[in-house]
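I'd like to ask some things about the structure below.
Note that the chains are named A, B, C, D, E and F in the order they appear, and that numbering of residues resets to 1 at the start of each chain.
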Amino acid sequence: MIIDTLTSPVILFFVLGFVAAALKSDLSIPEAFAKAMSIYLMAAIGLKGGVEVSNSGVTAEVAAAALAGLALSFLLPVIAFALLRQFGVTFVTAKEILTGQGLGPAGYMVAVLALMETPAIISGLMLARRGDKDTAEKSSTPWHEVLTNASVMILVGSFIIGIVAGSDGFAPIKPLFDTGFRGVLCLFLLDMGLIAARRLIQSRKMNLRLVSLAIVIPLLNGAIGTIIGTLVGLDVASAATLGILAASASYIAVPAAMRLALPKADPGIYLSMSLGVTFPFNIIFGISIFAAFAKAIG
Amino acid sequence: MIQTVSRKRIEILVDTPLVPRVVAQLKAVDISGWSVIHVDSGGGRAGAWQDDDVTGASAKTIVLAIASEAKTSGLIEAIAPLLDSYGMLLTIGDVQVVRGERF
Amino acid sequence: MIIDTLTSPVILFFVLGFVAAALKSDLSIPEAFAKAMSIYLMAAIGLKGGVEVSNSGVTAEVAAAALAGLALSFLLPVIAFALLRQFGVTFVTAKEILTGQGLGPAGYMVAVLALMETPAIISGLMLARRGDKDTAEKSSTPWHEVLTNASVMILVGSFIIGIVAGSDGFAPIKPLFDTGFRGVLCLFLLDMGLIAARRLIQSRKMNLRLVSLAIVIPLLNGAIGTIIGTLVGLDVASAATLGILAASASYIAVPAAMRLALPKADPGIYLSMSLGVTFPFNIIFGISIFAAFAKAIG
Amino acid sequence: MIQTVSRKRIEILVDTPLVPRVVAQLKAVDISGWSVIHVDSGGGRAGAWQDDDVTGASAKTIVLAIASEAKTSGLIEAIAPLLDSYGMLLTIGDVQVVRGERF
Amino acid sequence: MIIDTLTSPVILFFVLGFVAAALKSDLSIPEAFAKAMSIYLMAAIGLKGGVEVSNSGVTAEVAAAALAGLALSFLLPVIAFALLRQFGVTFVTAKEILTGQGLGPAGYMVAVLALMETPAIISGLMLARRGDKDTAEKSSTPWHEVLTNASVMILVGSFIIGIVAGSDGFAPIKPLFDTGFRGVLCLFLLDMGLIAARRLIQSRKMNLRLVSLAIVIPLLNGAIGTIIGTLVGLDVASAATLGILAASASYIAVPAAMRLALPKADPGIYLSMSLGVTFPFNIIFGISIFAAFAKAIG
Amino acid sequence: MIQTVSRKRIEILVDTPLVPRVVAQLKAVDISGWSVIHVDSGGGRAGAWQDDDVTGASAKTIVLAIASEAKTSGLIEAIAPLLDSYGMLLTIGDVQVVRGERF
């Protein structure tokens, strides 16, 4: 199954970006285009999730997944305490890979993603604050920043649009948001590959302990997520997806919110671990691992 | 001949997400105008970086403000404690401006 | 019918952008991407209009619509005198909404849009100049800037390309310019929603009189446009479209030309009214109002 | 040791659509080189703004020019009357340049 | 056939850009978007070439084309000595035009393009260095820059991805990379038209001798390429394509590599000739000329 | 009162592909920090240009570095021979910085 993953164009483009940056190529994706792609991807997953929920309605399974996601999202930061939670792009890639293996997670899992994003940021911030007692900024609440964070807005917003529009309303915009989706994901992962390798090369403070943390903690969290997903009765693919969500970083949403809420924290090392280690690991191995694990315990 | 007056040219290099904080500091000392310029890449003690980070968390910008000497002193007092912890860089130069009443 | 409008994804994305900016979210569409989308949208409507005219030929109806558009475009600035004429994006959105309601305007209406853009800018400039007698710039003619304005160029240029290429030439590029169109429009209106709300929040000089002007004048102009469209024998949808064109601002073309031609005029208040009030009003209410009015008198 | 000479560093903040006008003024006083830098956002008496305006009418840029003192004086005379009406901001600083003959 | 070329939307958008810039219109394509389009186009041609080679396998014909391309790529700079070799965008446009005339070159020609890009840069650099004996930079090798050049990376990388993924892996990303291709090419050529005309207007050092060089040398090289292609047994369309490749500039890859390797050379005059003269000539006349020539000798 | 020290503000306008060379020169004279700002367009003896060139070969940027006077002199010596052949523009101004030990 890792072989399957490794021959998917989506992953191969990530590898291409990684190799190009490792070879110190001058290849780079313009910042504005990378941001546009991330907005497009978020809007597309939000819309598709919303349309699927508008089709299925809010069933017991949807509610169970949502509750499991919320619980995980609040608890995992406390369990892992050292690393902030992470979601987002990995989810999208996971969905593509799993679907390519005939293991498409239920459409409502995107709603779970949106649900998990927010409390994860909040828990992360609360934990980070505990070690930061004497700052003047302590009093300023980050809630507003978290809830109006660009990724949360676009994900939740387009999820609601998807519910309101339904399949019929979605039809005319489907060519852009559905058909074009995987191609854009390729180019986005090309950029993520470039960023991951450059982060690793430029990072000076990275050491073996941090690298293993950046792998072990997601593995742990992913296992917990997969188990809980299975316990609340999700199908194999959805449980694996919950595992992947629990193992991933919101590479998009969390760091900017953290930078604002905790100006004293250097984003460099966190970003290096998150984008340089955890993300490649999750993309290349994590997705296969949790899928296998979910199948085994499912 | 057109008369010019001396003013300070303040340049603050700061992580983009923190710009609102810097602007708040400027307003607190009654500097009412500023301009923000994007920085593409750079390097320092913490290594090199580019603006390619999709999260935007490590993007940097320069906040440029023209102000009178008095207001500039006020700003230095207010902002100096944050320079290190926020990872900011503050430089102050001399410039001549035409019709400087507004600064 | 306003309900129909309000559940269309295109409008919902506008609302999402508006809400996000009103909540002071950091969501923003990179400037380069927004400009790219506006170029794409202009090229797409130009091409599609050209292809339709190449299919239908220049019939009496086309000629009537073109003449009505030109006349309106020259006269309305004089009638409304206080506000510059406005078209462009609203037209595109109107076309989507009306088509979604089985009321597709004739394809040649895009030619009318292109025809109206230019004289509207010119009339606006001439009116604005009357109150600006003593400037050194007065002598410099704005004609060149107006006729080579980016929006006019791309709209007229791709309209001609559409006529030359015809349906056959258009076929290979149809997937990008036709199928992807509505999706891009969603993302563009997301940006317009963000801009509209930010304009309103940041504007200091806006007052109730200006806001009502920014609504009443477009309503008046739209009514005149719909009546003239009906009088010259356009079908209901095309007459409504002419009304919408008459009610709208060229949110893209006019302001930059004005800034160049009249350096002393502060674009702030004009842009706040145009992007912050008239555009949202036209998108959400105007389209339905003129469609209903055209049906009533049609 | 390499010899440096004193020149003026002129910074003109202006609405992007007006850049050709500013460049024309520079050429009129025989300043033959300039560079244009994009400004992302800012704030002043007329409120805050970003470059998000698709019309481009309110986008701002900085025109940067290095010139001799004489040419700079000429520019100030020429451009001062426009500063207010065009909403421009003009600052002049001192810099050293290597091989300054060309400015 | 030149008529056919001139009514293709791809070429018409180039003409529109050229005319707009010649009229000093303010129309411009944001830099970030233009770069994104060039990355997309390179990825798309690499992918499609790779998929075709994965379908056909490496036949004798593919090998012959590859060898002919490599030989040409090393030799032509020496023959033409005055002008650097040029490929890339012209190839893509040529492929569209020829295919539109029922003359689609074999898919593996894209591999030939990628193969030719690298030695062409190297030969060009070696020649340029001969006239530059006394520089401190002479010793620093440009090989690394050339081989990791962004265009080479993306072209070779996505070519390999195409081979690995094959038709099945390519299917899900085909809507973006295949169906949308020609539309994006239109917008890209719009930008190239703007750039070409602006280059010509702004260029001060251009004279008739340089302009004729910028036309005669590509014509010569293209003839040699077409002849060699025919001699090694390529079909008419592939031989014409080899001719076009031999006649074209890597408008994307070469100039940036040259700027780095030879800091003393002013890129201005080279870019003016390449983007302002050779590219428009090749696009509008060259493609038809080499197609006719290949048919005549084929 | 917060103490400030005098430093040099070095601005090097250079073709974007050559930035790594400039950074290497900065490092060679032990200037360890720099920031890179994109230049949109400009004009000089060789005519006007915009950043619209898809090849990136003619795009220009400003490398900004704050450094001590001693290091700046070293840089001028090292970089002056390249200025003309590389088509670079170097200006040096005076600025005050807070906590200047790091430069």
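The rule we apply is simple: a residue touches a chain if its C-beta (ideal position, glycine included) is under 8 Å from a C-beta of that chain, and two chains touch if they have at least 3 such contacts.
This structure is a prediction, so every number in the text was calculated from the model and none was measured.
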Among the chains, which has its CA centre at the largest distance from chain B's? E
Chain centre separation (chain B, chain F; CA means) in Å: 19
Need the CA-centroid distance for the pair chain A / chain E, whole Å please. 39
Need the CA-centroid distance for the pair chain A / chain B, whole Å please. 34
Would you give the residues of chain F that are in contact with at least 2 other chains, written as numbers and ranges? 17, 37-38, 93-94
Give the residues of chain C that touch two or more other chains, as numbers and ranges in rising order. 28-33, 35, 175, 180, 256
Touching pairs of chains, which are they? A-B, A-C, A-E, B-D, B-F, C-D, C-E, D-F, E-F
In the complex of these two chains, what residues of chain F are touching chain B? 1-2, 4, 7, 9, 19, 23, 32-38, 61, 66, 93-99, 102
Hey, which residues of chain E end up touching chain F in the complex? 28-29, 31, 34-35, 38, 135, 191-192, 194-195, 198, 202-204, 251-256, 258-260, 263-264, 266-268, 271, 275
In the complex, the residues of chain E that touch chain A are 30-33, 35-36, 39-40, 43, 47, 144-145, 147-150, 153-154, 157-158, 161, 164-165, 169-170, 172-177, 180, 256
Where on chain B does chain A make contact in their complex? 15, 17-18, 21, 46-59, 82, 85-87
Under the definition above, what is the set of chain C residues touching chain A in their complex? 7-10, 12-13, 16, 19-20, 23-33, 96, 100, 175, 179-180, 182-184, 186-187, 190
